[in-house]
């Protein structure tokens, strides 16, 4: 006890030190396993540092050369980072568009007192389930189903719809659609539940009075539900975007890390992953990470703004 | 044996210290009631908001002290300083002659009953009561004996195996008290223990606390905003306002001889009536005069005023509702509403443009109707005169 | 006239209900169909699988299970063991220490309390990939690859779990409870372990589940850190299936491996779906 160690006159009972003690483990681990590596990432981005076969090149300070390289066109005539950022956004969009449309509809169905949907718990349980599935296993399953000798092609050929099996994993439109479909399946249940909670948070009497005022359900939706749901909608939308920027498992496994065909399904993180693979190009990987950080920081600012507005 | 001595105790909340405990969910904590940001009359110095100051009180062993006052007066803060839950900013606190300022709560040998009961929801009633003893490594058999004894006193033996959730408010209150008394604390602190109960249960529990007090020999410090609780429970009452002590005294003293206008108005229900009046001296005797009446003050009051050499001056005259009576002549007033209260009636009146209440026997009220003009008088022994300047009772 | 209006409203409602249920059933079908297919296919032999779709299980379930379990290349039992160790330890550490941190900033008044809280909220949004580069570099530099604890210890600092715990504390723990325990003679650690943790049980359970599932499914970081066969986790093994020459593979075994990969999470979900779904909302949207 501190009674013995300090004079009772000046030293008084204060619990402040316990606050520091309780948060200490978090910050020690954070500093060692997250903050220090993060700073190292930034540091690396200014160095030439990679492995070439068995020799390690660097680290040599190169200033902004890695960033310059990042934004320089390659031999195929495009700037990889722009293409992959574009891929990532596009792959997110084709999943998110149906995801948010369907989720909004379902949330409205579930919360409608007029429709009074039965079996909500069952439906929610089922549509949320894909969210918990191991993404790599899910992608592998789709690969198995849609491969050239897979059951889908067998069905198409045997039923005479096509003469030859379709090379689903060799054509951009199919690969991208499959990724979109998987992302949609994995996330629409989650979004539905979040939006539902948002709608349920709105004062019920507002809907009732609007209805008594003679509003149609469409008018109620646009005049009451949507404006009041906006903060939560934006929150869910942007967190989905942040998740989308980090898209990796599904395209990586589905395309075996190659973003086939022709890197049209290579995402930002897949690009980062390539630098961290055998080449251990910490310099370029650092530069890609910084770009990723900047994008999420901008998006996160929006999230915090919407939260604070509430 | 446990005397508690508070010497010039002071509590300052530094301005920078975030005292707000508002959740992100917007849920406010109950204990905010006593926190300074709710009131605007507390003194603010360079150090911060002064919640309590110049608090000196000697509490005798086994005395029952009640701290009473409106919300934000510093009564709970004072209690929490005695408990060791708040740091003492200035002054000294002794329990049994030992300076306690820097001693942790667990080493002060005190127990406390909280307004929200603060029972541990995951433990049974038995475990709730046994917890403090278990921590002190008291032998199991002794714990069992003590818990059962306390449960017996509070009549909660049949609930010992239940969780707090399965109990009613009154039962939870008993458990909270039980948890406090199993340890035979030197000082038992109670922070608004009855204010979460409904009116009927509150009366019942008040009686229980009086009984409890006779069974366990310990010093009580009890905080309440309810003056009825203060009057019925306390050996002595400490009336507080804006961080200052307004008066310390037995319930009778505080009621009969309020030290100032605030205490006069706060203690007693319905509230004391106040009128503008003049303190006059005729032939060496003190009179209190309004436009309509002149009443000679009682001998004891004459003596006290003379000793202090009080001069003629305009005053605030205070007379309790039960001390006013209907008379042929006197202060005129109009009856607004008559409330029949059983054995007596409350007449809500307008007297000289001010609201006042008069309590009259029931027989009288039957003759008095709403809208009627009547005259009121009072006895010189029941008139209180307060200085206009600083509102103190001129007798003291 | 009035009766007609009532009648037509009734019909309208009936039709809209029909449409809504049809949509719901279609989406549920979509969600279940692929997993049903996986289960069915995991019970069929390679030859049967070559014949295309069926909704009837084949008779090869146990054989596929045996083959998958004893596969020479993909040591799924070891993978499941590794995944389980990482997921379980992470779940325990992340919930315990997040609760502890949340308790620290909620109950105690200290100078940088507000700053600490805002700091943790701010770092919540930084993607884990940003620290990956430095993390991998350090792991290779200090020879810490193929160490499971490298994937476990970092879970102690989990901002999102902290945020959830903090909100839960604000909603459920009155400060008076802590003060009552102090007066009862408890010290600060005992108060946290004996009083606060039991009160936080529901929040801890929910976060343990989410954390377990998250670690179990995690692919990015483990795939960079673990390259020894006896240290690999399930997602890494599943991903290697993809790079194998599938035409030579016994597809029945492949489906079985996938089923084994998702089964633990599915079992947890089927048992605890109700509280998991509740946890989805309370964690991420501010009420």
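Lettered A, B and C in written order, each chain numbered from 1.
Please note the rule applied: a contact is a pair of C-beta atoms (placed from the backbone, for glycine too) under 8 Å apart; a residue touches a chain by one contact, two chains touch by 3 or more.
The structure presented is a predicted model; accordingly, all values stated were derived computationally and were not measured.
K.L.:
Taking each chain's centre as the mean of its Cα atoms, which chain lies farthest from chain C?
P.N.:
Result for the farthest chain: B.
K.L.:
With contacts counted as defined, which of the two, B-C or A-C, has more C-beta pairs across the interface?
P.N.:
Pair with more contacting C-beta pairs, B-C versus A-C: A-C.
K.L.:
Between chain A and chain B, what is the separation of their C-alpha centroids in Å?
P.N.:
59
K.L.:
Which integer distance in Å separates the CA centroid of chain B from that of chain C?
P.N.:
55
K.L.:
Using mean C-alpha positions as chain centres, tell me how far chain A is from chain C in Å, no decimals.
P.N.:
Spacing between the chain centres: roughly 15 Å.
K.L.:
Mind pulling the residue numbers of chain C that touch at least two other chains?
P.N.:
In chain C, residues 109, 113, 286-287 touch at least two other chains, as defined above.
K.L.:
Chain A: which residues touch two or more other chains?
P.N.:
Answer for chain A, listing residues that touch two or more other chains: there are none.
K.L.:
In chain B, which residues are in touch with two or more of the other chains?
P.N.:
84, 104-105
K.L.:
In the complex formed with chain A, which residues of chain C make contact?
P.N.:
These residues of chain C touch chain A: 13, 16-17, 20-21, 23-24, 27-28, 30-32, 34-35, 37-38, 41, 49-53, 97-98, 100-101, 103-105, 107-111, 113, 116, 120-123, 125-127, 129-138, 140, 153-154, 156-157, 162, 188, 192, 213, 216-217, 219-220, 224, 234-235, 238-239, 241-243, 246-247, 251, 254-255, 258, 261-262, 265-266, 269, 273-274, 276-277, 280-281, 284-287.
K.L.:
List the residues on chain A that touch chain C in their complex, please.
P.N.:
The touching residues are 15-23, 25-27, 29-30, 33-41, 43-44, 102, 105-106, 109, 114-115, 117, 121-130, 132-145, 147, 149, 151, 154-155, 158, 185, 188-190, 193-194, 196-198, 201, 232, 235-236, 239, 242, 245-246, 248-249, 252-254, 256-257, 269, 272-273, 276, 280, 282, 285-286, 289-290, 292-293, 296-297, 299-300, 303-304, 307, 310.
K.L.:
List the residues on chain B that touch chain C in their complex, please.
P.N.:
On the chain B side, the touching residues are 17-19, 21, 23-25, 27, 29-31, 80, 83-85, 104-106, 110-112, 114-116, 118-122, 131-132, 135-136, 179.
K.L.:
Mind listing the chain C positions that touch chain B in their complex?
P.N.:
Touching chain B from chain C are residues 109, 113-114, 166-167, 170-171, 174-177, 179-187, 190, 195, 198-199, 201, 286-287.
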